[in-house]
Amino acid sequence: MTTRHDGRAPDELRPVRLTRGWSEHPEGSVLVEFGRTRVLCTASFTPGVPRWRKGSGQGWVTAEYAMLPRATHTRGDRESVKGRVGGRTHEISRLVGRALRAVVDTSALGENTVQLDCDVLQADGGTRTAAITGAYVALADACAWAVREGHVPATAQPLTGSVAAVSVGVVDGRPVLDLDYPEDVAAGTDMNVVCTGDGRFVEVQGTAEGAPFDRTELDALLDLASAGCVALAGHQAAALAGPLPGA
Amino acid sequence: MTTRHDGRAPDELRPVRLTRGWSEHPEGSVLVEFGRTRVLCTASFTPGVPRWRKGSGQGWVTAEYAMLPRATHTRGDRESVKGRVGGRTHEISRLVGRALRAVVDTSALGENTVQLDCDVLQADGGTRTAAITGAYVALADACAWAVREGHVPATAQPLTGSVAAVSVGVVDGRPVLDLDYPEDVAAGTDMNVVCTGDGRFVEVQGTAEGAPFDRTELDALLDLASAGCVALAGHQAAALAGPLPGA
Amino acid sequence: MTTRHDGRAPDELRPVRLTRGWSEHPEGSVLVEFGRTRVLCTASFTPGVPRWRKGSGQGWVTAEYAMLPRATHTRGDRESVKGRVGGRTHEISRLVGRALRAVVDTSALGENTVQLDCDVLQADGGTRTAAITGAYVALADACAWAVREGHVPATAQPLTGSVAAVSVGVVDGRPVLDLDYPEDVAAGTDMNVVCTGDGRFVEVQGTAEGAPFDRTELDALLDLASAGCVALAGHQAAALAGPLPGA
Amino acid sequence: MTTRHDGRAPDELRPVRLTRGWSEHPEGSVLVEFGRTRVLCTASFTPGVPRWRKGSGQGWVTAEYAMLPRATHTRGDRESVKGRVGGRTHEISRLVGRALRAVVDTSALGENTVQLDCDVLQADGGTRTAAITGAYVALADACAWAVREGHVPATAQPLTGSVAAVSVGVVDGRPVLDLDYPEDVAAGTDMNVVCTGDGRFVEVQGTAEGAPFDRTELDALLDLASAGCVALAGHQAAALAGPLPGA
Amino acid sequence: MTTRHDGRAPDELRPVRLTRGWSEHPEGSVLVEFGRTRVLCTASFTPGVPRWRKGSGQGWVTAEYAMLPRATHTRGDRESVKGRVGGRTHEISRLVGRALRAVVDTSALGENTVQLDCDVLQADGGTRTAAITGAYVALADACAWAVREGHVPATAQPLTGSVAAVSVGVVDGRPVLDLDYPEDVAAGTDMNVVCTGDGRFVEVQGTAEGAPFDRTELDALLDLASAGCVALAGHQAAALAGPLPGA
Amino acid sequence: MTTRHDGRAPDELRPVRLTRGWSEHPEGSVLVEFGRTRVLCTASFTPGVPRWRKGSGQGWVTAEYAMLPRATHTRGDRESVKGRVGGRTHEISRLVGRALRAVVDTSALGENTVQLDCDVLQADGGTRTAAITGAYVALADACAWAVREGHVPATAQPLTGSVAAVSVGVVDGRPVLDLDYPEDVAAGTDMNVVCTGDGRFVEVQGTAEGAPFDRTELDALLDLASAGCVALAGHQAAALAGPLPGA
């Protein structure tokens, strides 16, 4: 059986790196790398919540995703210059926010806001899944910071678990895990799966790029994705096992 | 076992109505109703394609989804007045476009464009799935019009099959089909599924609104959605069995 | 003497239909049809007024007009996608708002807001006059709803009269009433007139499309329009004579 | 019988000044003053027409109206800074364009464009009517320039006549001509009338600000406006009787 | 030694005119002319400050610069119509604001705001320096007005000095003062200098348009600019020596 | 004499790092660090020029500067989400473009475009000067790439020299070089200077933040800046002395 173009097994992730504290200013900051895909995830903690949530006793977590113009093979126009955020950007920002909120207990967070920013510095496929995986670690550091600084009581547990994401797809008729850009282009079916650390699904988004897919294919992709998310949860735990950067 | 709040069985669609030719100007026009949800789907056929596709010999199909400001219980601001299309609107427009393109053979369509517009006149849950289901019928009428008018050769088959969509979700711990608005609000997990008429998947989008969901739940929802799409394909076929409106 | 292209007499309206309660959510909702022109008018009642009016004891009525992209013979781009409301849309929205406010006693309305939305589903000339005529009926229903629900005292009379609008123009050298699209295109002079039910003028907007017009022509058009508005006021009264939909 | 607050008779214009060649760069440029209202009107002549008109053999005339932020008693926000042109501005720009095109023979103009810009430097009521009246003189100078420079044949007559505009209204129950700002605020009915130099109507726009108006009132206002436009046509002719500035 | 194209000596300003009270509504208003460059500067005084400054006891001075579309040789598109303020406009607005704030004691001004508007009516080079020079005089009049009207105590000195600006550049290898448009186009190095009346620098902005410049050239330009600003301070003082317009 | 808060001498730069090839996709890519300020500069080379330059035989170089939202101590809103580029961003983008074009021979570049993007990943003062200094190195690599790939003849010299930039300011009454953020906040006068490698000035931008500055101060700052730019030119040369990354 042939291997993938970069030599990986079908169920093999690209090398994963999670560098905590890559930036100094944010309360949480992680440079996440899935192979050559590189995303800077920052978590900005602010006391207080948006007006519509005031007095609720509950916090808020939201996210924005963006790409530097030359993160990609050919330069894309800046959305700030175009004056509007594109549909893809908007969609991924919403996905990242939903994914992270799935593991946040907003009551335990109290009336505080965490703003996640995921900026793609270099893109080679899987930028949204890397963003979610890295943002979780940045969020965990921001929550630890908030406890340490007394914004959140030491007994509160704002995080109910961990969350990670991975892409799967059918390339050359075979289901594979964590597609890089050439695979993404070649994939007949493309799916992004977000799972909690205990293996449950937060989000499943599958799209037939070419021919529609049947249930057997779908099941195989879901199996692959579940296993991939478990592996990523391990990377996250390992990264968070070290001391809080700057502490 | 208790029934749903409106008396439906768990696997029962709301009453479906597909009124072809509801508007006179468009080449295809369908008022689709899933219960009280009411979407006007129009298909505008234009010879020629966008610049980036010229000379390719291939056609183009694209879609825009929008809601009238008072389609909902409380009025929403107009996106034209706000000066930007919101994230949800953008996301659904992209979904509708992808869903319809999944059953279009753009070579057979030739260098022609079909623009689908799905405007929600009244919303009661499932507006995006109704939009896809109705847009397919409008698209079919527009393709028939194009053949009749000689824009597409009579031997060409621009459509490779039919496509429909339905929502499923877990309400009160039980998987149910085709959620109306009160069910949608109450649902723990929410999934939109787009299938071709022959039962294959075009798009699967599942989101945990509350607790993450496990594989068993996911499997049950997928079963329910597949059956629902088959039933909708039947409604589409029945609607299209009559004469072309205005012909 | 020859008749018009659709057989009408010069002073004859197209068939008028006012369907109350066409949508379920709004406090007032009317589908108005002037021949093939079809406009959905909704009136959204909200307690409270915009900030600049707070504490004045007076209510506010405002309107927005828009067209679905394929309401017309050829598709127009969506203003939400273009990111700005066009001049024509803006102008008509302002006209509709002024016309309706002319028959509202804002003190009697109290500090409540009625937002009128007029969305053209199908256009065949006279969309702005149909919008005003239908919006009045929707507004009347919303006011009745507000009284019934106790937002406005039963003794208050927020409406001081009725208002309707019609177009007149010179086609083939002859003044005619209620132009449809082919007549509108052919008209040398085009005038929209808004009148109260007792025959007084609220707005007169006449434009020479081709040659300037003289006083004789202007007088003939004003006569025609006055009579047309009286007839429309009759249609409105008849529609409102029935029970309040959903009551 | 009492006079108006500034001593004018009911049918008396404010002092009118038309200063040709106020700016050096434009092909036509007029500072028009109706009393304290002061509008700079420039006409920019460019060979060629917008794309949609190419090959038609016909020219194009269009207009933009705007106000300096402190032209008024209290400062208004800049529309460039707000990022959108307001409804009133849009509406008046369209009115000015239509008014001027009413006296242009676009075939005689040839495939050339005249862009009119009317910028209100100081506002004291009647800015749109001053703009139209001044823009005509700027347009006439630009056409003369175009003939002199050979862009338009010497035998061509791009202008079929003159055009001017004036406001009329009912103040303290009495119809008056050319309202200044205090009168405009006090007026029950407000009408702007655009006439050609030979006394025919190009545009009639009347609005009931308070109580609706009846036919008698309307007739009185139209009489007053017609006479006012004739007087303005005289001012225009006198201004244009001198030599072309800079010639 | 040859003179400049308009006969001026290298260190000679164009004729300067400062017409106070050119507009009636603003609290300060100056038409400033540097030769054929003509800028209307208005100062709008408002009690109160922006929200972020409330309770500080300090006032605020800000500025906006803009050009009429046909202030230039060829017409430029309106920024309001384009929907965004261009980079050059933004940059100059910020420069004018900084320059004026350099001579304002915001504590002495109290919680009041002065908004400066500099609108270029005719451009012939040096519009930003004329704007600053004129805006100072408008600001001085607005401050005097505020004292006279009791908004600022008679003993307060909101202005700590005067401010003026001038351009210098290297044309045909020779440093010259106050470039007009043809010189500006020909200049190898272009510098705008803002000085207080006592000869100190507020802003120095030099740009090599062609070849980079050396320190000797820079020194010569700074000498020229300092002397020019002193001369302009004299013009400002002379203009302000007369009575306050309208007082 | 006391040292600065971080122990530097008044004329000492922060540690400078220029990491070439930090990103893989762009034709030139440099991560530049001035102490804790960190800017990713990419140079995107594209054959062809914007429409207005076609047929000129000349190339084009342009630049965009931006900041990640949490590059700073407190998070700033994204300009893409706000829908407009702020004045500061616009101004710096223009400055970077002018600075780089000062050392480009556009004829030697041929009809090719280089787009520079400078994205601030972490801000600690001097982001614009770091951006210019890093962008030069990225531009040099992109030009080398273009020669190697045959887009530009091997004999052409698109770069006429090098360019670098540094900030200087008066802090605690003493002129210092290369201000970090705390110094920038404390500085009375702030100046950014752009010089070519041979010590000539491309741009001088000095602003009095507090009291205006006199000629002596200005001279001292210019001396300091010139020396700083020479030192930076050395860093650039050293960085470029190594092999082209990826070659």
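Per-chain numbering from 1; labels A, B, C, D, E and F assigned in written order.
Definition applied: contacts are C-beta pairs under 8 Å (C-beta built on N, C-alpha and C of every residue); 3 or more make two chains touch, one makes a residue touch a chain.
These are the chains along with the protein names UniProt gives them: A, B, C, D, E, F = Ribonuclease PH.
Quick caveat: nothing in here was measured; it's all calculated off a predicted structure.
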Can you tell me which pair among E-F, B-C or A-F shares over half of its residue-numbered contact pairs with C-D?
E-F
With centres defined as the mean C-alpha position, give me the chain A (Ribonuclease PH)-chain C (Ribonuclease PH) separation in Å.
51
Distance in whole angstrom between the CA centres of chain C (Ribonuclease PH) and chain F (Ribonuclease PH) is 59
The distance between the C-alpha centres of chain D (Ribonuclease PH) and chain E (Ribonuclease PH), rounded to whole Å, is 33
Multi-chain contact sites of chain F (Ribonuclease PH), meaning residues that touch two or more partners
83-84
If each chain is a node and each touching pair an edge, is that a line, ring, star, complete or other?
ring
Counting only contacts in the complex, chain B (Ribonuclease PH) reaches chain C (Ribonuclease PH) at residues 23-26, 29, 36, 40, 42, 44, 46, 64, 66, 68-75, 78-85, 89, 115, 117, 119, 121-123
In the complex formed with chain A (Ribonuclease PH), which residues of chain B (Ribonuclease PH) make contact?
84, 87-88, 90-91, 93-94, 98, 102, 191, 195-196, 199-208, 211-215, 218, 222, 226
